[in-house]
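Two complexes come next, and they have one chain in common, chain A, joined by chain B in the first and chain C in the second.
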Partner chain A sequence: MNKVSTRLFALAILVILSVLAAITFGPADIDSSQLISCLVGSCQNQIADIVIWQVRIPRVLVALVAGMGLAIAGAILQNTTRNPLADPYLFGIVSGAGLGATIANISLADNLTIALPLAAFLGALFSVIIVVFIAKVLQRMEQLLLAGVAVSFMLASITQFILYFGEPFATNRVIFWLMGSLARVEMSNFYVIASILVIAIITVLALHRQIDALLLGDESAASLGVDVDKLRLLMLGICAALTATIVAYCGGIGFVGLMIPHIVRQLIGVTTLKLIIGSALIGAIFLIWVDVIARSSLPHAEIPIGIITSALGSIFFLFIMYRSRANT
Partner chain B sequence: MSTLLNISGLNWKVLNKTILQDINFTVSKGEVIGIIGPNGAGKTSLLRCIINQANILSSINTSGSVQLKNRPITQFSSREIAQHFALVMQKNDSIFALSVQDVMKMGLLPHKSLFSLDSDYDKSQIELALSKVGLSHALESLFNQLSGGEQQRVLIARALVQASQILILDEPTNHLDVYYQHQVLQLVNKLNITVIMTVHDLNLASLYCQRLLLLDKGQLICDGSPQEVLAPEQLSNIFGLPCQQNIDAITGATQVSFYLQDNRIQNSTSPEPLSE
Partner chain C sequence: MKLISLLFTLLVLSSTSYAELNKELASDKSKPTIIALAPHIVEMLYDVGAGEQIIGTTSFADYPEQAKKIPRIGNYVRLQLERVIELQPDLIIAWKSGNPSDDLARLEQLGFNIIYSQPHSFEDIASEVRRFAKITGHTAQGEKVATKFEQALVKIKQQYQDKTEITGFYELWSRPLTTVAKGSWPQQFLNICKVKNPFKQVLTPYPQISIEQVLPASVELIIQPLSVNQKEREAFNWEDWSIIPAVANNQILQPNADAMHRMTLRSLTALKDLCAEIDQTRSFLQQKHS
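Let's turn to the complex of A and B:
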């Protein structure tokens, strides 16, 4: 086994251990023997069984697939746009989801369990369609990122306008949702995110050579037979669907897509196959443990997960800037 | 020698500006052809038409035909074109730390199916191509840390892995110092495949190409051996400078030198050359 395979194997083991360890964290007092008996299906304590199977396992599994999905979306966008700062959030996906959630919250009093994620998903897709449309009109696909930033600010301002005049209770709900949390996720959320994740991974694995060809420029890729615009559009669509689904259930969890691929490039490699597998594994480990911190660092409250990822992300950003300054 | 490419009546006009006008020539297997001419003559545009880049030949701005093995290039898919032509451009940069091996693997793309992984045969082809360009030791090196000449050689090796019949090079010696200019062109010359390249330096083109195409204002002015194409009167008219043709004493190749009237040595019949 070469160095890269060994590292990926070690990371896969770490993912499994992280999932098992994360299940042990939580406010309910469940010891390890109880935990094991509940996991193997011979639970004596019914409350422990419910806590483990209906609260902790769904939460850890959603953290697993959400971490994988956000990191993979960042990795795909960075390689297809050749921009190490590309992140699903920069394409206006979260602002679009925020607008959708705001409209659902303000206009609907109940049925929010289904309506909120659905509206967030539609809002995210709406923003991506606008971004792609602008880039198409400008006939410059490389301006996708700039168009994304502009659309992001525009949608955020509309959201704030609605919230400013909205009912305070609904406004609070939206603001808490935007901070991101895995507190209310269910097993069904895991299945939905996992399905989109599997489709995204299969598509990227199929096209990994085409995406790699983009790394030396559009002209080089075209000379190798790649339809550059079509490929970029397909990848953007996949990232949008993946991020929108995750944001719809978990709210705003920033910086994962930006940070994780940077770490993977240093540890595993820059080409798409290595980057995607590495990002999936490290992204999963990262979000599982951030969620553990979010739910266990305060005695009787949870910290919204988006606050922790944003804090870590901004420190990471400064570290990258410091390191690049030191290298020049 | 069998005809590989046939370009006939090729025209390209954008907003009343002529880019290429009535270009006709054929390319036989194994030829090394240099396209020369002043800036804006249409050299790179001609290369773009030959490989039908961005489906340019289907545009209403172009007319005429490019045929590869007697079949219009417009009927080839972009993948098929990549299987027949390998393109090496002036400059390739990556913001990410790609290794030479990563760049070489890109050459496998036109022959690979979806989901495919690298086989042992692919690895041996990559090693063979790198050894042909004298860079066997650089497999694990970072592409961006190589010199300009080494990067060009890696891209030529990638073209060999691509296993195309025709190698297209756009100004392969730009950004290179004199040593690497000769090294890269000598390498291209020895590959024994069909090569079409644009070259800015007329003397380098003469030294390393069997046949030259002289373009000016989108028209093919002359097509022939270096000695025929580099005729002083013809070059003087196109480049607007007096020109003199010599035979290089060491290489035996046709060489030209340009000069300005002011540069001539006073009271001397031999002009002070202004090297191309």
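Let's turn to the complex of A and C:
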């Protein structure tokens, strides 16, 4: 087994251990013997049973797939746009989801359980469609990111305008929703995210050689027979579906898509195959542990997960900038 | 006799831990155990005599003094679902607009019995007090405090209903300068104390405005509620605008924001005090004009 395979294998083991370890953390007082008996299905304590099976396990599993999904989406975008700063959130996905969540909060306040994720998903998808449309009109796919930033500001301003005239508490709800959290998730959310994730991974792995060709430049890729624009659009669509679904259930969890692929490039490699598998594994480990911090570091409350990922992400981002300065 | 029973209660309480007390209460279903998810709900429950049944609450539930000892299970951003499941309350009383709706939906899905509090007016406070009293097994006490509250409210309304209106500006926040309009909680205070709010008809309940909009309204009174917890609140600097009659006559009131803005029985005392202070301004203005 070569060095990369050994590392990937070790990471996969670490993912499994992280899932098991994360189940032991939480504010409810459950000792290890209770935990084990509940996991094997011979739970004596009904409360422990509900906490483990209906709260902790769905949470850890959603952290697993959401971490994988966000990291993969970032990795795909960075490789297909050849821009190390590409992140699904730069395409206005969070602003779009925020707009959707705002409209749901203002107009459908009684049915938020279904309306909120659905509206957030539609909002996120709407933002991506506008971004792609603008880039198409401009005839320059490489300007996707700039178009994304502009659309992001536009949607955020519409959100703020609606909130200003809406019910005052809706502002709180939307702002806190955008900070992200895995507290609300349930098992059905895991199934939805996991199925989109599987489709995304299979598609990307099937096309990994074409994506690698893109890394050489658009002309070189075209000369190798790759339909550059079509491939880029397909990849963008996959990233959008993946991120929009995750944002719809978990709110805004920023920077995972940006930072994880950079760590993977240092540890595993830059080509698409290695990058995608590595990002999935490290993304999962990262989000599982960030969520453990979110739910167990304060004695009487939770910290919204987006705050922790963004704080760590921004420090990491500055670190990359510093390193690239040192290299030149 | 009262003293003996009080000493006995204290003795029992000191020898029984909070958790054991909860278990005892849980066995008595006419007095359900409660998780109260907002400071005003906790306060109302203590008012009807159900304070001891509260087994969990959120941050900032600091009144009455005993409420500070209730275990915390989250804040207005997020609840700790695991802790709620662990405590197994018979009843959860939530604040519809102030609690995270997704957490509440999840708790409902897990089979918890949730009822909602959503007071918009003084009348709502009385009806919620009655409702909570009935559910928690304190109907008589609830009826007593609610009736007392309603009678006091009617009395205050009657006292001021025939007074002449004076134009007043309510400074909810200074930066950005924010006031209140119809549909907001403080607007009720202005209505009852006979203060004409020049911004009452604005579409949003808490509009941001500029000093330029305040100037032509020639307000005779400025109400600047201050919170006890905020040691140094940055209030708007009205001294620079002596063209405003209220500033020229030094008619700037600073009531207690905490008592006014929390939707409980205590808000009536705040109403009474505010109306009395406003009435002093009214007399001052009448003397000045006569």
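In this section, the second predicted complex is superposed on the first by the 328 of 328 C-alpha atoms of A that agree within 3 Å, B and C clash if a C-alpha of one lies under 4 Å from a C-alpha of the other, contacts with A are read in each partner's own complex, and residues count from 1 in each chain.
As a working rule, a residue touches a chain if its C-beta (ideal position, glycine included) is under 8 Å from a C-beta of that chain, and two chains touch if they have at least 3 such contacts.
Small disclaimer: the values here were computed from a predicted structure and weren't measured.
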Overlay on chain A: chain C relative to chain B, clash or fit: fit
Touching partner for A:Val226 - first (chain B), second (chain C), both, neither: first
Partner chain(s) touched by A:Ser188 [first = chain B, second = chain C, both, neither]: neither
Once both complexes are placed on the shared chain, angle at chain A toward chain B and chain C, C-alpha, multiple of 10 degrees: 150
Partner chain(s) touched by A:Thr24 [first = chain B, second = chain C, both, neither]: neither
More chain A residues in contact [chain B versus chain C]: C
Which of chain B and chain C A:Gln160 touches, first, second, both or neither: neither
Partner chain in contact with A:Ser314 - chain B first, chain C second, else both or neither: neither
Chain B versus chain C as contact partner of A:Leu205, first or second or both or neither: first
Touched partner set for A:Arg265, first chain B, second chain C, both or neither: first
Superposition-derived minimum Cα distance between chain C and chain B (Å): 41
Chain A residues touching chain C - in the complex, by the definition given at the top: 26-29, 47, 50-51, 54-56, 109, 112-113, 116, 164-169, 172-173, 176-177, 179, 181, 183-184, 186, 295, 299-302, 304
Chain A partner contacts - residues on chain B that touch it in the complex: 51, 53-54, 77-83, 85-87, 89, 92-98, 102-103, 105-110, 112, 114-116, 162
Complex contact set, residues of chain A against chain B: 79, 82-84, 205-207, 209-210, 212-213, 215-217, 219-220, 222-227, 265, 269-271
Complex contact set, residues of chain C against chain A: 59, 71-83, 85-86, 88, 97-98, 100-103, 105-106, 109-110, 203-206, 208
